[in-house]
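Shown next, in structure tokens, is the structure this report addresses.
To keep things simple, chains are lettered A, B, C, D, E and F as they appear, and every chain counts its residues starting from 1.
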Amino acid sequence: MSFQLIEYADASPEVRAVYDDIMATRRIDWVNNFWKALANHPQTLKRTWESLKQVMGPGQLDPLVKELIYVAVSVTNNCNYCIGSHGAAARKAGMDDAMLGELMAVVAMANETNRLAIGYQVPLDDVFKGAVMEHSGG
Amino acid sequence: MSFQLIEYADASPEVRAVYDDIMATRRIDWVNNFWKALANHPQTLKRTWESLKQVMGPGQLDPLVKELIYVAVSVTNNCNYCIGSHGAAARKAGMDDAMLGELMAVVAMANETNRLAIGYQVPLDDVFKGAVMEHSGG
Amino acid sequence: MSFQLIEYADASPEVRAVYDDIMATRRIDWVNNFWKALANHPQTLKRTWESLKQVMGPGQLDPLVKELIYVAVSVTNNCNYCIGSHGAAARKAGMDDAMLGELMAVVAMANETNRLAIGYQVPLDDVFKGAVMEHSGG
Amino acid sequence: MSFQLIEYADASPEVRAVYDDIMATRRIDWVNNFWKALANHPQTLKRTWESLKQVMGPGQLDPLVKELIYVAVSVTNNCNYCIGSHGAAARKAGMDDAMLGELMAVVAMANETNRLAIGYQVPLDDVFKGAVMEHSGG
Amino acid sequence: MSFQLIEYADASPEVRAVYDDIMATRRIDWVNNFWKALANHPQTLKRTWESLKQVMGPGQLDPLVKELIYVAVSVTNNCNYCIGSHGAAARKAGMDDAMLGELMAVVAMANETNRLAIGYQVPLDDVFKGAVMEHSGG
Amino acid sequence: MSFQLIEYADASPEVRAVYDDIMATRRIDWVNNFWKALANHPQTLKRTWESLKQVMGPGQLDPLVKELIYVAVSVTNNCNYCIGSHGAAARKAGMDDAMLGELMAVVAMANETNRLAIGYQVPLDDVFKGAVMEHSGG
């Protein structure tokens, strides 16, 4: 009764349609385990893929930058699978060893200063208010 | 006996030296509250500033990209001060509204798929191994 | 240049269409601040609303149960806005004071035992393997 | 000098008493590794078991609902042991594949919108205030 | 129908009994808001107080050390109330400004190196295995 | 192109200088994997080691206390490598089984009450204000 990784050969037509779109969009001929796991709940598979395709698709931020941000969040959340899969995507998008080193340094530094700001309960400078939202009640 | 924000006028010479370097490096004439709080422990003030100056300084990643990564981690960790201060730094480095919108979308999406990968306990595809570290025992 | 809460009167047609669907789906005549903030990035507004409508819509789990789960995650992540908004949704869906008290107790207990299992590095019992995924590589 | 999983045969009378109560309460003839690890600190074993027995015992929330909440927190905290053990408990309490799929979808969605609310620093709507606590200073 | 802070004058006999024990144990004549909030669910109030009294009571670790650990976790979890209440308890137990400065530095450093170890997916050295648990499958 | 653990024999002079200082400072003749991973980005290796040496060096807090705090944060963040390495360091600094048991109990309890304070949105008592920072805007 448990979930299994669902291979293309065993997939329903609606799951296969998502797999096909993943492969066509990424110009590859295989699907990674993440999607094979989500395929146990086809609604989640389809929605997550369509959301990811939109979010990681063309926009103002460079594809490499988006992957670096993805890795940064995944390291902070300790998601080993995501570090591996998005680390690979970042490599493919052009991340070299120097960039990877700097990425890790920034992520670690941010985690450090986040806790200093929280621990010291530092009040936000007036000049920083509104950098994200005007009149936020934060 | 508690900590207070330490203003330049009340600071010791070693704290003033750090404040001076912050202002010179950033070409501004004021110091934000984060540093005024750390000044209660001068060793932490000096070390943290020197680390941040190195990590956020010139390298392979663009200054704007580093600030976007900083905001991404701060949002994931829920550090309101850091979202405000690094959000402002990202604005200064060129983040426009479209970039901010995409940044938030990527951060949120990564937090979502991190939990799907964790919850489904997805095994890492062999092809992704070594994207970050060779032979990692992760 | 910063983001603001976007009111219906100031919204573009595509944003209004989402607001209209939110109000129609929830049978209310107002839109809460979360959506007014997302409206700064219409693509995120539309995608997030459609995803939420699907995820929280009719299924195998009772609407109240889904809201309790939402509050549980929001407490664990320390999202004050989300505790407030989904706490209200849970109240509307039938959560009484006794249920709220039990919800908080379970969430807190889970956070406690999570750290005991992590800290003691407890190996998973064979009998528990496959409860979520078969052959997971954890 | 390190900790080991403490088997019934090697356990002290006070540890055995807790093991006996676990088996009697759950109507099973074995004890899972979590308790065998805690048994290294008998005071923690006894207190944690008695707390868990109370929190997960009969009340206003259905046993299945409590297990779903437990899994939701464990996924958010990335506790692999707890996902396994409480996933198994949820299965035993009646969670079918459709429920598991919806549970994961809700947990992931909550983690996503938590970060959107935090990142956009959305101010809480007046109407949501007091949903959990009256006059909270949150 | 929402929760309120429950004052002694409005409390039931079972809640008063816990309040009395808190005041007697701590040798003070007032109860802090945390307990007045938990009093909305008397079972949780009683269980949490009795657990805390045991965990923070006399043992091998000094009371000040226990409070420092409590603050360290609270900063990492971003619990503003807990930083305030356990910061005050640490002050009462003897934490001076130099100790507070060092505590924050250690907490921040640990948060930084945690992410470096996670990001680089560093495999555990054989010599460190068994430091906590023998034969752990971690 | 990926990162590898960099052994002394393969290290550059600047990396060897850090390795030498680690071994001299700790009076051991080997370097653990954490540093061999960071050596892929020599700047991060040097900065992180120098920071750690300062933070964990002589001060007002006992070396054992600093290691206990390090483990507490690592358990809360679920960093398996760090629990192993700092657990070993704590053992070396004098942590016995009773202390380890109490440490885990305090960490787990703090994680529990952190969520109760967050979930109930408990307002901070006036008397606790200023325990860490005076006039904090928290």
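For the reader, a short list of remarks on this structure follows.
Keep this in mind: a residue touches a chain if its C-beta (ideal position, glycine included) is under 8 Å from a C-beta of that chain, and two chains touch if they have at least 3 such contacts.
Every value quoted in this text rests on a predicted model; they were computed, and no experiment measured them.
When the partners of chain B are compared with those of chain F, the chains appearing in both lists are A, C, D, E. Matched by residue number, over half of the contacts between the chains of D-E recur in the interface of B-F, chosen from B-F, A-F or B-D. Should one ask which of A-B and D-F has more C-beta pairs in contact, the pair is A-B.
A rotation of 120 degrees, rounded to the nearest 5, superposes the Cα atoms of chain A on chain F.
Chain C and chain F have CA centres that are 33 Å apart.
Work out the mean CA point of chain C and of chain E, and you get 27 Å between them. For the pair chain E and chain F, the distance between mean C-alpha positions equals 18 Å.
Contact of a single residue of chain B with at least two other chains is seen at positions 3, 5, 37, 40, 43-44, 47-48, 51, 55, 76-80, 83-84, 91, 96, 98, 100, 102, 104-105, 107-109, 111-114, 116, 118-124, 131-133, 135, 138. In terms of inter-chain touching, the protein chains here all touch one another pairwise. Within the complex, the chain D residues that touch chain C are 3, 5, 32-34, 37-38, 40, 44, 48, 51-52, 55-56, 59-61, 65-66, 68-70, 72-74, 76-77, 79-88, 90-91, 96, 98-100, 102-103, 105-107, 109-114, 116-118, 120, 122-125, 127-129, 131-132, 138. Contact residues on chain E toward chain B in their complex (touch as defined above): 78, 91, 96-98, 100-102, 104-105, 108, 119-124.
Residues of chain F that touch chain C in their complex: 71, 75-76, 78, 80, 83-84, 104, 107-109, 111-116, 118-121. Remark: chain D residues 2-5, 37, 43, 47, 51, 54-55, 130-135 touch chain E in the complex. Contact residues on chain E toward chain C in their complex (touch as defined above): 1, 3, 40-41, 43-44, 47-48, 77-79, 132-133, 135-138.
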